[in-house]
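The structure's right below; bear with me while I get my questions together.
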Amino acid sequence: MKTHRKELWFETSTRIAFINITGQVEDALRASGVREGLCLVNAMHISASVFINDDERGLHHDFTQFLEKLAPHEPTAQYRHNDTGEDNADSHIKRQVMGREVVVAITAGKLDFGPWEQIFYGEFDGRRRKRVLVKIVGE
Amino acid sequence: MKTHRKELWFETSTRIAFINITGQVEDALRASGVREGLCLVNAMHISASVFINDDERGLHHDFTQFLEKLAPHEPTAQYRHNDTGEDNADSHIKRQVMGREVVVAITAGKLDFGPWEQIFYGEFDGRRRKRVLVKIVGE
Amino acid sequence: MKTHRKELWFETSTRIAFINITGQVEDALRASGVREGLCLVNAMHISASVFINDDERGLHHDFTQFLEKLAPHEPTAQYRHNDTGEDNADSHIKRQVMGREVVVAITAGKLDFGPWEQIFYGEFDGRRRKRVLVKIVGE
């Protein structure tokens, strides 16, 4: 059994951002030499997500609108978490809805994807350095 | 280490549908010969889900109502994704809430389930041929 | 390849509860002897979740408020699932939003976590004995 570990680092200029990380995960897979197995990709921070969906700018706008309506950032005083001095309770909720991680099959040395699947880093409390973990297990 | 790969195909007659695929995943597990390991089951399309919940028709009605209230299909012009000529922005959002994939433990050659766990394909933009991937890793 | 299986049991005194199970998962990992691999932690019941977020009481209050607004318990007659004699349709929906499972990387014999990641059991229909499965695969 082979394993491979890679951290990806991000610092977005906006509070909310979606970044296509498929190429970076494919790079990690090539470096691993794994041909058959599983690839875990997870946010290492609890106000960010990793998810799979469409690389389409309009959809990312729709996700942002949807999440902001569901768990609005303002007024920050509506959340008890923000009594701690934080202002990111909404980011923790948004991340929970979008998910922490994806597990992708590895077949014949490639991410075993359907036609439109792309992996995204979803940032909900940006403007600071944050990490994604790629862990590859197989042979 | 053994791996096994199987695609399941679906074409639903309605836009939204829930299909119990537990038996088909169990068939793939038997074919794999794996006794201990992990079984990944994921939608290969980004407007569909794989999730685990109850096989009860009333609950599926409740899921549909819940998701339709959260991210209504109509009016389609409320979503920027639909400016591309698509009308399925809501389907991408619904899939994100319900999840893309499940990972199930394999113990003694069986899906290691609690008493009511059943695996579902959740379709949110049906009436076309779409796929689910089953990937089994273990020994 | 090594595998290890452990069940964790819970019986909460309230309908909704969040319990930090990180220490129990770390105990299972130590018992497994696995140094590199993947750790699956999933609710075995379909009205409960396992998720990763912050161990902060205010945030758990916010999650509860958020979920109750999204899928209120009362009036129970608003859900078709409850026509079966159950009163927990909302619990199935809440679990779906929060997720069934997490998959955590194992690196050098430890859960490979970011600075604030903690694993929680999320109960949405408590006051009965329910289980979480920990399945560790690696070497």
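Think of it as A, B and C in the order they're written, each chain with its own count starting at 1.
Assume a residue touches a chain if its C-beta (ideal position, glycine included) is under 8 Å from a C-beta of that chain, and two chains touch if they have at least 3 such contacts.
Keep in mind that what you see is a predicted model, and the values were worked out from it rather than measured.
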item	value
Rotation angle superposing subunit A onto its copy subunit B by C-alpha atoms, nearest 5 degrees	120
Residue-number overlap at the subunit B/subunit C interface, same or different (half cut)	different
CA centroid of subunit B to CA centroid of subunit C, Å	20
Multi-partner residues of subunit B (at least 2 other chains)	1, 38, 70, 97, 99, 103, 137
Complex contact set, residues of subunit C against subunit A	1, 36-38, 51-54, 56-59, 61-63, 66, 70, 97-99, 102-105, 107, 112-117, 137-139
Residue numbers on subunit A that touch subunit C, as the complex places them	1, 3, 5, 38, 40, 42-46, 70-71, 79-84, 89, 92-93, 95-97, 99-101, 103, 131, 133, 135, 137
